[in-house]
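Just below sit the structures, each encoded as structure tokens.
Both complexes shown next keep subunit A, but they swap its partner, so subunit B is in the first and subunit C is in the second.
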Partner chain A sequence: MYRIAKDSINLLFAKIAEENALYLPVDNEKGSSEYKKWEDGTVMSEKLNTVRSPKDFFFPQVENLMEFKTEGKNIQLIDIREDSEDFVVFGVRACDVKSFEVLDNVFLNEPVDTYYKNRREHGVIIALACTRPAETCFCGTFGIDAASPAGDISAWMTDDTLYLEPNTEKGEKIIALLGDLVTECGAEAVEAQQESTRRIMKKLPLADLTTDAFGGDKTEEFFNAPEWATLSESCLGCGTCTFVCPTCQCYDIKDFNTGKGVIRYRCWDSCMYSEFTRMAHGNNRLSQLERFRQRFMHKLVYYPANNDGMFSCVGCGRCLAKCPISMNIVKVMKTLGGKNNG
Partner chain B sequence: MAEIRDPLMPVIGVITDIRIDTPDIKTFRVVTPDGKKAFDHRPGQCAMLSIPGVGEAMFSITSSPTNTEYMEFSIKKCGCVTEWLHQAEVGQYVTVRGPYGNPFPVDDVFAGKNLLFIAGGVGLAPLRSVINYCRHYRDRYGKIDIVYGSRSKDDLLDYREIIEEWATDENVNVHLTIDREQEGWDGHVGFVPNYVKELGFDTDKVAVLCGPPIMIKFTLSGLYELGFEKTQIYTTLELRMKCGIGKCGRCNVGSKYVCKDGPVFRFDELDELPDEY
Partner chain C sequence: MQKITRDVLVEKAASLLENGTVDRVLGWKKGEFDYDLTPAVFTSADDLKDLVWNDFCGANFSKYLIANTKKSASKVLVFLKPCDTYSFNQLLTEHRFDREKVYAIGIPCEGMADISKIKAVTGDGISSIECGEKINVTTIYSDDTVSFDLSDVMAERCVNCKSKKHVAYDELIGEEGDVIESGRFDEVERIENMTADERYAFWQNELSRCIRCNACRDVCPACTCEKCVFDNPNHSLENKAPATSFEEKMFHIIRAFHVAGRCTDCGECSRVCPQNIPLHLLNRKFIKDMNTHYGEYQAGAEVGSRAPLVNYTTEDVEPGDVFEGRE
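Right after this comes the complex of A and B.
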């Protein structure tokens, strides 16, 4: 483990930014935080719970895939892919780090998505342990320890010191880049903070929520559950939950005619939208109940069925904070998972 | 990174022939600009066809894998991309990527078996690939029965090929039907499910079904009445797709992705999926 005085953290950021684009949570005028590119003078936010998840770094909301030049009946395909910049994301919460694993299982499985893979290879994650988890947090439900985040480097910030523990080759490289700025130290330095965070986690309102009732073999048990009707009744189908969700990865592919050619791009899409499955000959999910059910069945049953039991939720709490009608995965898990859940 | 091709990146194709099959179905022949087949496929697999600027859509490859010169797609005019394709002329460039999905098990399960193909309307398109594959390797299979029906004589897809090639094959029985009486038609009249029951097939075969949902539903119950088991009946599904590689989430039903785990399913496999297809 390595340490640097908190006073010197700007020196650390400047050093990292010499060779990488550096992104970290920054306060915005609305009182929340969002990831911004660091430049001299940027102050890091104390709020790690950014409004948008960091999935944008690897799976941006919109990205151009390729271009076509058309002339008469002829078409020419232009590969516009470029190597991603080397970048570092600092201050990623434990839950959000876990979400990259969920996305990896989709995008890095054969056939590999080269756009995602390229960004993944060029990005370094410096995860920061939580010290002030919110009431909406329930990462523990998915076996995530907020006090011990994964990532290329795990980091802990105390009142006066930042501690860094590299976990991967990419993490080691960053430590090497930091050189004399950091000093080696023992891991016991962060234990007190970890214990304190874990104590807080245990007292959170959602601390007792479990996944016990869910898993890959539960399709039959839950698909026709009558509870979906009341759960989905007031869903507006706005898709906010999918957009703020760090693990939602459905996308659309569309063409844009620039007048000089055609850009084929992809953008986030949502299974909550009625258009999502609409075809010329019909729609296999006509009601909001069906669409609502699809989203939660995918996270709690279908995804685990295909990924050794891993759930497609990391308990980040963003959907709890942002749903305009206060419906969310926790209510679904409590309703379907039995009275004793949570 | 340019050396690794992304799975979403198509190859350029050119339409070299357009056959008008029915008032709303055309069959498009596609090759690469240097005259070759774009890629190999197995019977029942699909490909993404696109006109840049209009859109991309998934179609079954109707030509048999044994055709090494070109691919064919039988396409019904019913949406944005298909409308555009129906206006296209020979020489039009398109893009194509694939092949996608699981094929029919022609080399293991089907081998040595009697085969019963049942199709309705444009549902013949995905089966034509399998039928012609099995006809090509004729000695690998038993008796072949084909039941095919459409609204009218004019709506029968691949009519010339059926009459001139399939019906003249030894050990291939073709049973055509149309929904209503029509001048110049002296064949069977009636819906496919009833015709299947009238023909009364033995259960010593594998059945392959494709057609509109209502036809599938009634034909299935007809086959069950005849004593067929779910494990000997196959079909191919169609859902909206964008990526074709099990990532965009669109064709997800239960834990399966129709583009990747399908489109070919056996009916007992479909029973394990939620009823959402």
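Right after this comes the complex of A and C.
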């Protein structure tokens, strides 16, 4: 384990930024936090987490895939893929680090998504342990320890010190880059903080929420549950939950006609939208009940069925905070999995 | 605090369900944390145990009447705050639901709290909120209770409340209020006084945070098209994402134009925006301009009125004069 005085954190940022684009959470004038590129003078946010998740770093909301140029009857395909910049994301919370694992299962399994893989290979994650979780937090439900985040480097911030523990080769490289800025140290202060955070986690209102009732073999049990009707009754069909969610990974591919050719791009899509996965025969989910059910069945049943039981929710709580009607996965889990979540 | 209690609403709803006047009740349902209420449909007296009326009942039910009147075999009971009644009338003006299938109860409102204003003081980790004379908040981080006056943590739209008067109801509970003077155009004026470059920068900055979740559109009682042009894959305007900074602005500006003269200024768009974009200011600018050029007009103040932009009188200001600043 390594340490650096909190006073000197700007030196650390500057050093990292010498060789990488560095991104970190910064407060905006609305009092919420968002990832911004570091430059001299940038102040890191003290907020628990960003409104937008860090999935944009690997899976941006809009991304050009390829271009076509047309001339007469000829069409030319232009591969616009380029090597991503080397970048470091500092301050990612344990829940969001876990979300990258969820996305990796989707994008890095065959057929590998080269656009995602390119960014993933060039990105380094410095994860920051939580000390003041919110009432909306329930990462523990998914086996995540907010006090011990994964990532290429795990970091802990105390009142006066930043502690760093490299976990991967990429992490080691960053530590080597930091050189004399950091000094080796023991883990006592970190352990004390972890113990305190874990005590707080137990006091959170959602601490007892469990996934016991859910899993890959539950399709038949839940698909026709009458509760979906009441749960989805007032859903607006907007995409807020999907777009603030760190694990939602659905996208649409569209062509933009430039007049001289075509730019083929992809953009986030939402299973809550009426046109989602519309096919030649029409749309396969015609009611909001079906769309709503799809989102939660995907997170709690279908994804685990295809990924060794892993759920595709990490308990970050963004949808709890942001849904316009305050309907969310916790209310769904408590309603459907009532016996275990009483 | 609110002047009427939850129990009054529950009793009313239960008796109307019981005597068969209504078969559905639209109300606010309790959540996980005392502040995260969900708009819900209650169909039995037993359901009503979860109905809540407190300082967090911001959701406007008017738009829900479009779907719910179609599902009801008798009538739908809806509780309407004063501002909600303007949306109610506007929807009726546009023939969006059958008035005969609604039993509307007007309820007085003292303004609603904005949880983000509370959290700005208490921080995260809220363990309980009690709404009474004061709003008492506890967190898992402290043994102390933090007390707020509703006025200290009121949502912006309520601070600038335009009316305590219900413009539509079948029955009114509590006292009727008045249309009130508000400072709701102050912020619009501030933006009008900017230079063109400053104004452009202001909106560019605000709208750059948009994630195109469409929550503003989907909650808006004026946005009731069966199929929004932005969702239509056969239309060139269809777009699911703000591909460019131009598109970020285009969606919101087109929407503001589309609801101009029909927007009642209920403020739901800004309430639900996950990125806290002050979208209501676009609508208020249109309202203010219409007031200036065509005389005072409040959408939804009555059923059947013709909005200035879809009406013609010989006194109408010439567009060229407006553009040139001649009046």
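Observations on the model:
Note that in this section the second predicted complex is superposed on the first by the 337 of 342 C-alpha atoms of A that agree within 3 Å, B and C clash if a C-alpha of one lies under 4 Å from a C-alpha of the other, contacts with A are read in each partner's own complex, and residues count from 1 in each chain.
Just so it is clear, a contact is a pair of C-beta atoms (placed from the backbone, for glycine too) under 8 Å apart; a residue touches a chain by one contact, two chains touch by 3 or more.
Owing to the predicted nature of the structure, the values given are computational and were not obtained by experimental measurement.
With the C-alpha superposition on subunit A as described, subunit C and subunit B fit side by side in the combined arrangement. Contact with subunit B, but none with subunit C, is seen for A:306 once the two complexes are overlaid on the shared chain. Of the two partner chains, both subunit B and subunit C are touched by A:278. Vertex at the C-alpha centre of subunit A, arms toward the centres of subunit B and subunit C: the angle is 90 degrees, rounded to a multiple of 10. In the superposition on chain A, A:70 makes contact with subunit B only, while subunit C stays out of contact range.
In the superposed pair of complexes, A:194 makes contact with neither subunit B nor subunit C.
Touch criterion met: A:132 reaches subunit C, while subunit B stays clear of it.
When both complexes are overlaid on chain A, the residue A:267 reaches subunit C alone and has no touch with subunit B. With both structures placed on the common chain, the touch criterion links A:322 to subunit C but leaves subunit B unconnected. By the touch criterion defined above, A:168 lies against neither subunit B nor subunit C after alignment on the C-alpha atoms of chain A. Of the two partner chains, subunit C is the only one that A:239 touches; subunit B does not reach it. Between subunit B and subunit C in the chain A overlay, the least Cα distance found is 8 Å.
Taken together, the two complexes place residues 252, 254, 269, 278 of subunit A in contact with subunit B and also with subunit C. Those residues of subunit A that touch subunit B in the shared complex are 65-66, 68, 70, 73-77, 79, 81-83, 106-107, 109, 111-115, 118, 216, 219, 223, 249-255, 257, 262, 264, 266, 269, 271, 276-281, 284-285, 290, 294, 297-298, 301-302, 305-306.
By the touch rule above, subunit B contacts subunit A in their complex via residues 1-2, 4-12, 14, 52-56, 78-80, 82, 89, 91-95, 238-240, 242-243, 245-250, 252-255, 272-274, 276-277. Residues of subunit C that touch subunit A in their complex: 31-33, 36-41, 59, 64, 116, 120, 123-127, 140-141, 209, 211-215, 217-219, 227, 231, 233, 240-243, 271-272, 274-276. Across the complex, subunit A meets subunit C through its residues 28, 30-32, 34, 48, 51-52, 61-62, 132-136, 200, 203-206, 230, 233-234, 236-240, 242-244, 252, 254, 256, 265, 267-270, 273-275, 278, 320, 322, 324-327, 330-331.
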